[in-house]
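Note that chain A is present in both complexes that follow, paired respectively with chain B and with chain C.
Here is the complex of A and B:
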């Protein structure tokens, strides 16, 4: 039997939660669909392909204070940031939820990043299955699916008279306490994403063609605008800086991108990745080689945002195919 | 003091140990030796030669430096800092008594126990000599454990040679030779004027039962390596510390990777055998 919640009941349930906790949900902001805190259910957009940005920033904010340092009685008082806001994240797509789970790899690896850990603990994720993949989507090639419920606390899938509800975790169960769900024999539709990007064996292929001139040729047109990293649900490189105002210092962490000039420049001026080719290779090798070597999964969830955002059409789907092809050729040549 | 509430939860790995600057000594016109002491007894900071730590100049930032002291002497935590950027400039302004912070120790270390009974060749250029000083201190403090020691210290000019006040002590140690070289001498300099790779060719150290530890600018390492290989040194006999831009020291910010390796966690100490197997070559 499938458990169903009607659209009206869903809205009143969410409205109830909003009275006590912060709810982030997809809303319309100008021409974009973005996660924003909502105060009423009618602000929520239920019918969207995907949000323009993933909700990564709820766990790994663009700018976050790690701790503050304030002079006090001849000493310096250090106060680490404490995340105390409980957040309900409504409407996360399976690809983006997989992105969060993937980033648990580096962030929770010992010693754990205490800020990421706190955001994770304080957030309950209500996923929403995709009804129809967008043209740029390829989640099934990256180990997920339009109805993949494995990385959220509660999964909702739209059916004719409401949403099918799957409770995945204890956290989800707690949130659903007291909510009346109808039993129904309606089977939720199984949406498909039939784009097939040949990701299998990519680690071996990219290892073989690592030194190929392909990367510098491809990078010729990169303008290192960093938008790929900005929209990516699994990019997590960061910078740390101090900001001081009226004697109070905040040590802050901000998003960074490996495509930035000077990203790897060391004291004295030497930069091991001074050219665009090695920087572009770093981006794709991190996702398709280093990350799987370190944490198992590929560092891409197939959301396709970078494909849409790149002003010079650098397309990870094409790169995966090219890498497979060149890798196979190089492999033959060396045998 | 850190709030109690967070001490129960996952500790914040970005918060430094509070420390106080005990002394500042000029080593060269642009390198100072800082001696720090941790403020709290409960903060554990046990380290080995080759490991590094971040030192904070609150309001400006923090930067990673190789620890220049040795833990067992309990003389405080020392860092040799060359004034080269914003953080190091700010650190150079600090005076004894200043409050700072230390995060670490991070990374691996020189496996000096594995080098016992071997001939040790230590080659450092400029500020690259900083992480080699605890290697020298440890070996000379345990002199009987090692065979012959050759130290080659090079710098741009005579006044840029780091740790000059300790040279006399080093050469007093038995079976220990110190060779100095500069890129350009001055009126008081009677010593060698040559680049480090050329000094290697001049001295012809034998690779037999030897370990070579090199640290310095990338260009020096590159040419020194090729001269050592001409003399018959194998890649596994040559050890270095790699430098990488880094922000966290925790294997998270992904600034310091060389291929799938992190300089901060897998290094900074690598043999050339390891480095030559990295997929990414710098």
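Here is the complex of A and C:
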């Protein structure tokens, strides 16, 4: 049997939650769709494809204070940031939820990042299956699916008279306590994402063609902005700097990207990735080689954001296909 | 018409590469959506068939010449892009002898977006008075008569708002900004080796991606482009959160036009007002 919640019941359940906790949901901001705190269910956009920016921001904010330092009694008092806000993240897509689960790898590996851990603990995720994947989507090729419920606490899938509800975790169960769900024999639709990107064996292929001139040719076109990294649900590089204002110092981290000039510049001025080709290669090697080597999964979830946001059409799907082709040729040459 | 443009560009590119006049032709090819153009770098005459020209050719390719210093290169420019060439020539950033310019009389470019089959012209085309390239070695298309002077209606409309309204508007835009620097990276006028925003000593702008710092970033960039912006509006096209940067850049452009009767990039030996001092210049301060 499928458990169903009607659209009106869903909205009144969410309204109830909003009275006690902060609910982030996809909402329209000018001509963008972004995860923002919403105060009423009317503000939520239910039928969106995907948000312009990924919800990784709720766990890894674009700017976050790690701790503050103030002089006190001839010493320095350090105060770490405590995340005390309980957050409900409503309407997250399976690809983005997978992105957050994947980032547990680098962030929770010992020594664990305490801020990431706190955000994870304080957040309950209510997923929303994609009914119609967008043309740039390729989640199935990256090990997920439009209705993949494995990385959320509660999963909703739109059916004719409401949403089919799957309770995945204890956190989800707790949140649903006291909510009346209807039993129904309606089978929720199983949406498909038909784009097929040849990701299998990509680790071997990219290793083989690591030194291929392909990267520098591709870098001809790249303008080395940080758009791809900042819209990406799995890019997690950051910079750290201290900021002092009126005697109080904050240690701040902000998003950074391997595409920035100077990202790897070290003391003395040497930069091991000084040219555009090696910088661009780093982005794809991190996602398709180093990340799987370290943490198992590919560092891409197929959300397609970079595909549409790149100003010069550097398309990861095309790159995966090219890498496979060149990797196979190089492999043959060495035999 | 456009198919003919494509053929003329391919023929010229082939000739230039075969004769060894240039090492590379920077033009446009069809992107991964099978529809919108993207920049293309052609090194072999056998590859000229990749080149296209149509109304999705939005990118200002002049920026790429900064990566080709010392290497003979051909570049395809629309009217607005050609003004960027003049800007970089007048600021001594590129060497005219190394560049072969294929100018295209621009039919206007449509709203750009991956898989976005729009037939709506970009806003830059509304204010454009430079469909004909101002500098070229080879021209594709018949020059057209340009429209009457720009009335800066968008800027005037913005100015009808109160200071408070405008401040609220820009604060909201600054909330969206993620400081990805796509605006800077796409801009042919932004070529500083060390951009002020990344300098550590002095630290002009703090590291935070937050409204205060974001406003500072966008405002100072606009000032650095005053009298230099050539209105290609690539910054606005590439912005992932759609910040209307043209409202800042065109406000400065109107100011420079009014004060000095100057439009950037109209000739390769132009004397730009904000980096020049004339002996008989009126300062307007303390006089």
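Operating definition for what follows: the second predicted complex is superposed on the first by the 335 of 335 C-alpha atoms of A that agree within 3 Å, B and C clash if a C-alpha of one lies under 4 Å from a C-alpha of the other, contacts with A are read in each partner's own complex, and residues count from 1 in each chain.
We take it that a contact is a pair of C-beta atoms (placed from the backbone, for glycine too) under 8 Å apart; a residue touches a chain by one contact, two chains touch by 3 or more.
This structure is a prediction, so every number in the text was calculated from the model and none was measured.
In the three-chain model built by superposing on chain A, chain B and chain C fit together without any clash. Superposition on the shared chain A places chain B and chain C such that, viewed from the Cα centre of chain A, they span 90 degrees in steps of 10. Looking at the superposed arrangement, the partner reaching more residues of chain A, out of chain B and chain C, is B.
Using the contact criterion defined above for the overlaid structures, shared-chain residue A:274 touches neither chain B nor chain C, since it reaches no partner. Looking at the shared chain after the overlay, A:263 reaches chain B, while chain C stays out of its contact range. In the superposed model, A:239 makes contact with both chain B and chain C. Applying the stated contact rule after C-alpha superposition, one finds that A:190 touches neither chain B nor chain C. Judged by the touch definition given at the top, the superposed model places A:230 against chain C, while chain B stays out of reach.
Once the two complexes are overlaid on the shared chain, A:135 sits against chain C while remaining clear of chain B.
For the pair chain B and chain C, the minimum alpha-carbon spacing after aligning on chain A is 7 Å. Note: residues 239, 241 of chain A belong to the chain B contact set and to the chain C contact set alike, using the contact criterion stated above.
Interface residues of chain C facing chain A in the complex, by the touch rule stated above, are 31-33, 36, 38-41, 59, 63-64, 67, 113-115, 172, 176, 178-182, 184-186, 198, 206-210, 234, 237-238, 240-242. Contact residues of chain B toward chain A in the complex are 1-3, 5-6, 9-16, 18, 39, 56, 58-63, 82, 84-85, 88, 99, 101, 217-218, 243-245, 247-248, 250-260, 279-280, 282. Here chain A touches chain B in the complex through residues 66-67, 69, 71, 74-82, 106-107, 109, 111-115, 117-118, 207, 210, 236-242, 244, 249, 251, 253, 256, 258, 263-268, 270, 272, 278, 282, 285-286, 289-290, 293-294, going by the rule given at the top. By the touch rule above, chain A contacts chain C in their complex via residues 29-32, 52-53, 62-63, 135-136, 217, 220-221, 223-227, 229-231, 239, 241, 243, 252, 254-255, 257, 260, 262, 276, 307-313, 315, 317-318.
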